[in-house]
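Labels A, B, C, D, E and F are assigned to the chains in the order they are written; within every chain, residues are numbered from 1.
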Amino acid sequence: MDKLTVLVIDDEHLIALLVETALVEAGFAVVVEHDVASGIARIETLGPRLSALVTDIRIGSGSGWDVARHARGVTHDLPVVYMSADSVREWAIRGVPESVMIQKPFAVAQIVAAVTTLLNSCRPLV
Amino acid sequence: MDKLTVLVIDDEHLIALLVETALVEAGFAVVVEHDVASGIARIETLGPRLSALVTDIRIGSGSGWDVARHARGVTHDLPVVYMSADSVREWAIRGVPESVMIQKPFAVAQIVAAVTTLLNSCRPLV
Amino acid sequence: MDKLTVLVIDDEHLIALLVETALVEAGFAVVVEHDVASGIARIETLGPRLSALVTDIRIGSGSGWDVARHARGVTHDLPVVYMSADSVREWAIRGVPESVMIQKPFAVAQIVAAVTTLLNSCRPLV
Amino acid sequence: MDKLTVLVIDDEHLIALLVETALVEAGFAVVVEHDVASGIARIETLGPRLSALVTDIRIGSGSGWDVARHARGVTHDLPVVYMSADSVREWAIRGVPESVMIQKPFAVAQIVAAVTTLLNSCRPLV
Amino acid sequence: MDKLTVLVIDDEHLIALLVETALVEAGFAVVVEHDVASGIARIETLGPRLSALVTDIRIGSGSGWDVARHARGVTHDLPVVYMSADSVREWAIRGVPESVMIQKPFAVAQIVAAVTTLLNSCRPLV
Amino acid sequence: MDKLTVLVIDDEHLIALLVETALVEAGFAVVVEHDVASGIARIETLGPRLSALVTDIRIGSGSGWDVARHARGVTHDLPVVYMSADSVREWAIRGVPESVMIQKPFAVAQIVAAVTTLLNSCRPLV
């Protein structure tokens, strides 16, 4: 069975590694990027083969809000999970619909739960 | 008992009137605007006294997406309901979290259901 | 603005009339049928112009379970609301996914709430 | 078709009347009480014929929290809707599970939406 | 503490093994069958000791749709999770209510999330 | 990254250990207590640093219902998960809102799913 690919973007390498490890154990293939430009390039390259996006908000001088909007432009029903320490309140203004905002610090199982719940709720009615 | 105020923005006067009438029968006070500038002015004037926003997407040369973001900047947990005929697919990219997109044409009871459901789900835990 | 069409099927004419009246007041166009054959014919005729189905379970010698399956074959994401006095327990076995079962007797506002909630939850992500 | 009975308890007679009127228009039979003792007596008398409870929190010297617990002791899956101006924050501590807290002031359609949504979500799986 | 038993049915032995391993790590006892007849025999034997069903759709010449209906006939509130590569669209017509359809390929954590979420949402109100 | 702290209270040491192990693997810091007095003392000591409560119901001569109410008095939006073999039916009367009741026996993944789902659903809108 092929694996579903999740893109994780965080400029804190340790957090990216923790999330990557948990998602790999959960059965996903994981691609990690540490800046916005590389993240967007990955989204373009993967196209519909990208199954979910997990992104930090403050990524160097860039913004996870923009990455998520870009990714939704490529895949309309892409599950999006944001992670943030100090931008949580902006989610109500800058987040995309049907996304999950997870406050840092978090337990990695929260990321896995958010990704799998969003994937499972994509109702195959249409 | 005071009434909760809902702001309805649509440049199609007939639709604005239908929605206004249904919300008034549902027990709300309703303020109607027909363009983006007046809508934003109302949001500023009402501040925390605004209880919900129901907005069209294409409003003259303006955009309901911008109005909703502006309103969420004023009130973080404001219930937002979008109505649109041809911009429905953009919701996944440009909508705010915890909002409802209703495709035109619709039945007015859908608007009342969306507003009351969002108001009732603002969990008073914090 | 055009109206969304709801098909109501019940061989108890009084209940069909109560439901029809409530849905019309809610802003829907309503078509009523009193037997399975006419119901299925309506579903075929309306095709994608049918926006929701509200059906009794025991309809003469026919079954609302079959009508709902037939309707979902025509429109995959059609909102389906069942009404029943004594077949409620069969819903877990014979109902379709993402449907609502309402026990008779009920208040008509329950039917309107079920139809509008299902319509509003058809997420326009794809 | 018989009507479902909702018990409304509020010592503010005007609010009780507004809620009663809205629920009657929604298709319910409504019983109104203005103090805790009468409310509990009604719950005892109605037993399983009670379909939902809508209660204020501060009712004279009594408490809607106690009324709701009492009612759930009689009917385990009874839909419970609380209305309150200044006790909203206590809901997280003193409310019952699967209930809805509605902040005063409210629009009457919020009460109807809460009652019908709770009734419709009683899944007939068991 | 006794273990809850999940029945996994898939004629692809590798997928059955992956799902079994993940569910065992999650704390479940798992029974695996590779054809419909054995699956139904297990459901009969286990009766109320079966806590959840995870089933493929095309199982040899048989169908997971029939297995699930059979299982719900034995236990009305049984959590049901379907897995399928090419029958996903039929779920809206042939699935049972309150079930989850997971598209193949998937990550095993999606199966665990679906089973645990369905188990946890069986509200002990009645 | 700091860890979120979960308090687990159960007088059955084996069950407490199973739950602790699963939550630690999920990425949480876990504190275990075996009686009500110690549990309440921990809640007082931890204050807002407590991120979730997982509690048995019958704990010696004490009650998990009281512990949860106490904890919600300290942190209004604290995720609460109850575990019980024979007090499940009382949840509708004595549980707190937005909590999860998990019937014993359970799979440990159900506890992790309940805690992470409650944490992720604390919407950062306000």
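Quick note on the criterion: contacts are C-beta pairs under 8 Å (C-beta built on N, C-alpha and C of every residue); 3 or more make two chains touch, one makes a residue touch a chain.
Please read all numbers here as calculations on a predicted model, not as lab measurements.
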{"item": "Angle, in degrees to the nearest 5, of the Cα rotation that carries chain A onto chain B", "value": "180"}
{"item": "Homomeric contact chain C-chain D: same or different residue positions, threshold half", "value": "different"}
{"item": "Geometric centre distance via CA averages, chain F-chain C, whole Å", "value": "42"}
{"item": "Cα-centroid distance, chain B relative to chain C, in whole angstrom", "value": "28"}
{"item": "Multi-chain contact sites of chain F, meaning residues that touch two or more partners", "value": "76-77, 89, 91-92, 97-98, 101, 112-113, 117, 123, 125"}
{"item": "List of chain C residues in touch with chain E within their complex", "value": "69, 72-73, 76-77, 89, 91-99, 101"}
{"item": "Chain A residues within the chain F interface of the complex", "value": "14-15, 18, 22, 88-89, 91-92, 100-110, 112-114, 117"}
{"item": "Contacting residues of chain C [partner chain B, same complex]", "value": "1-4, 23, 26-28, 112-113, 116-117, 119-120, 123-125"}
